[in-house]
Amino acid sequence: MVFLTRRERFNAAHRLYNKEWSDEKNKEVFGKCSNANYHGHNFELFVTVKGLPDPDTGFIVNAHSLSVLLQSEIIDKLDHSNLNLDVDFLKDVLPSSENIVIAIWGVLEKLITDCELHCIKLVETENIFVEYYGPQ
Amino acid sequence: MVFLTRRERFNAAHRLYNKEWSDEKNKEVFGKCSNANYHGHNFELFVTVKGLPDPDTGFIVNAHSLSVLLQSEIIDKLDHSNLNLDVDFLKDVLPSSENIVIAIWGVLEKLITDCELHCIKLVETENIFVEYYGPQ
Amino acid sequence: MVFLTRRERFNAAHRLYNKEWSDEKNKEVFGKCSNANYHGHNFELFVTVKGLPDPDTGFIVNAHSLSVLLQSEIIDKLDHSNLNLDVDFLKDVLPSSENIVIAIWGVLEKLITDCELHCIKLVETENIFVEYYGPQ
Amino acid sequence: MVFLTRRERFNAAHRLYNKEWSDEKNKEVFGKCSNANYHGHNFELFVTVKGLPDPDTGFIVNAHSLSVLLQSEIIDKLDHSNLNLDVDFLKDVLPSSENIVIAIWGVLEKLITDCELHCIKLVETENIFVEYYGPQ
Amino acid sequence: MVFLTRRERFNAAHRLYNKEWSDEKNKEVFGKCSNANYHGHNFELFVTVKGLPDPDTGFIVNAHSLSVLLQSEIIDKLDHSNLNLDVDFLKDVLPSSENIVIAIWGVLEKLITDCELHCIKLVETENIFVEYYGPQ
Amino acid sequence: MVFLTRRERFNAAHRLYNKEWSDEKNKEVFGKCSNANYHGHNFELFVTVKGLPDPDTGFIVNAHSLSVLLQSEIIDKLDHSNLNLDVDFLKDVLPSSENIVIAIWGVLEKLITDCELHCIKLVETENIFVEYYGPQ
């Protein structure tokens, strides 16, 4: 088994906000991350797949094809978007990094078929990132 | 003369939007950067000052004091904000990176007095940054 | 399970030195790392925790609260310190990166209670880092 | 168990090319990566070993000795080389990143004896890397 | 005046080789950089332009348009190429980083017309880069 | 004129301390940077030289030769040292980053003769760096 990781990037706005709660409760729990007018990040997405290298190509997956898939199915929807308002696969999802990686896993596990999806990593700032290895 | 640079960071939402123009014209000129629901970035701000080192301290400026100033006057206002809506010194400014560095220079040149402000650099993504050395 | 990692930094002096050995033996084994007057590093500490996201917050842990804990219990003691002389939880520990991550694990495992401590990673230089996943 | 990772770097040329295929087929599968005159990369190699810290040194391995070994057995052969033509342990190997990490594992597993080889990671660009944990 | 910098990347092979010299002389002067089978790099290109922000857009140049120009005129020719053999604007140029930035300046100064070309920077490795501000 | 920059690194301990002052005054001015037992950094040194490329080599300077010079004259003295105690060219110098770059300039300007020394840059942390262009 070899693991291959492809990095993609997207720039998006979001806020942490629980619709069930008052604005005060949101502010108390999420602090400035709940700013009503949003804030944003340069997110980095790392998608790791695993498999055996094909003897003819040396590839577990064509990294360029993987990038094309990630662009069309994930990045085109997230880049220059508002994660609370604009993204179909995040509808009704509180867009914490934890919830975003679970949602991305849900999209990709059906689309990656010639090798195995291993990990979704999302870097929110240089100081915080999350990783998800799927439901187990 | 020695030049000292201090880096600070802020995470903010913005959109590129000229109020004088139709939405179509904004979309034509700014593309996805004009998304009505905003997008965002992890901005990096580099402030460079210059001066002669003080013989007693070896400092042209106390970098900790400079950071405290930048935090209170610049970063506290920009971090987790919406650059189109929330920032006093960006009121009526189209928040392109070019316009933001000019606005930050305007704030800081009055506040930095024991050494000389030299450059404001703003990194928007890993691929784009701007620099401003003041009006000349 | 989602994994969340928080990065903190500290700048510290240390030397590699076994008190049981002669200076010659220390020099032979540790080379310039045993310099009697110390050397130092900008250490980067990555603390990874794991858990299930809270349905109300989307968090496995509030990353800001985690950072406050790491600052008060770990970083305030290590930053601008001498790792051989100044740190209570490193008393009588030869401060190799391997021993430091084990010691930090010992401090944190008692303090992190609402999610599970998963990994302590310490980056000593751009070319060397260590990782510890706890006693097993 | 503590894991220690050492980074080394090498700058090399390569092309992706299957000798059994026509040039057209190679171009179709590998695109510009099959350019007959080669292209190249600044590769980053991360070698991770694991073990228990020696009570006398605090080391699972002397990182300097590990680096000397990696330089003489791996980097001196790869650096400023053509991976298709110049490297003994890549003879008859299609030099994809996947195949390179497997080949490096083959060389190192015999040479690393006082601790255990855990992972070979190769970073090809800022957007693509592969990892190999050995045959299992 | 505001300065805007756009980063682009290309992966290429090259060798340092003076055709007027013997192989021995080339090896003596250029060392392993003269390897007959080439080596390669992940080059990073930083192009800096300067100008006054347009009051309507806040831009000194549309960074996306600049990137499209750099891709078509520079990167498409350099990426996955051999700098000694494949690039029209490097014909008969010894492809040292110094000579490459001068050649890129020559291409771009004619093409960048709505603002002013200021600097071409080329990063060859994490330890070496060159900068050129044009003939003066 | 082309500018070439070479990066070197050194890991060192230091403290900010003015011998003319009381410990209290030192603590008041320098804070935790005056810790009696020292702290330390992974310093990055960028040395920039300028000149015209040699028509035979394409070099303004052989970057490898420059690195050998920097290693023997600067890095071997600074690496794994205590900047307050161990370095001949920092004797009686309060080792602030500002004073260190001036001292390194003093050493190098006599040694760099076949091209011109342009700038000494010292990165102390990811948030602070200084630059010196010589006495003017």
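Letters A, B, C, D, E and F mark the chains in the order given here, with residues in each chain numbered from 1 onward.
Keep in mind that, in the parts below, a contact is a pair of C-beta atoms (placed from the backbone, for glycine too) under 8 Å apart; a residue touches a chain by one contact, two chains touch by 3 or more.
What you see is a predicted model; the values in this text were computed from it and never measured.
**Q** Moving only to chains each one touches, count the minimum steps from chain A until you reach chain E.
**A** The least step count works out to 2.
**Q** Show me the overlap between the contact partners of chain D and those of chain F.
**A** Touching chain D and chain F alike, sorted by label: C, E.
**Q** If I average the CA coordinates per chain, which chain comes out farthest from chain C?
**A** The most distant chain relative to chain C turns out to be E.
**Q** Between copies chain E and chain F, what's the superposition rotation on C-alpha atoms, in steps of 5 degrees?
**A** So the angle, rounded to a multiple of 5, is 120 degrees.
**Q** Using the average of all C-alpha atoms in each chain as its centre, how far is it in Å between chain C and chain D?
**A** 29
**Q** Multi-chain contacts only, two chains or more: what residues does chain E have there?
**A** Residues 126 of chain E each touch two or more of the other chains.
**Q** Could you list each pair of chains that touch one another?
**A** The complete list of chain pairs in contact reads A-B, A-C, A-D, B-E, B-F, C-D, C-F, D-E, E-F.
**Q** Write out the stretch or stretches of chain F touching chain C in their complex.
**A** Of all residues in chain F, those touching chain C are 9, 11-14, 32-33, 35, 37-42, 79-82, 85-86, 125-126.
**Q** Please output the residues of chain E touching chain B within their complex, sorted ascending.
**A** Chain E residues touching chain B: 1-8, 53, 56-60, 62-64, 67.
**Q** Within the complex, which stretch of chain D touches chain A?
**A** So the residues of chain D in touch with chain A come to 16, 18, 20-21, 29-31, 93-99, 101-102, 126-133, 136.
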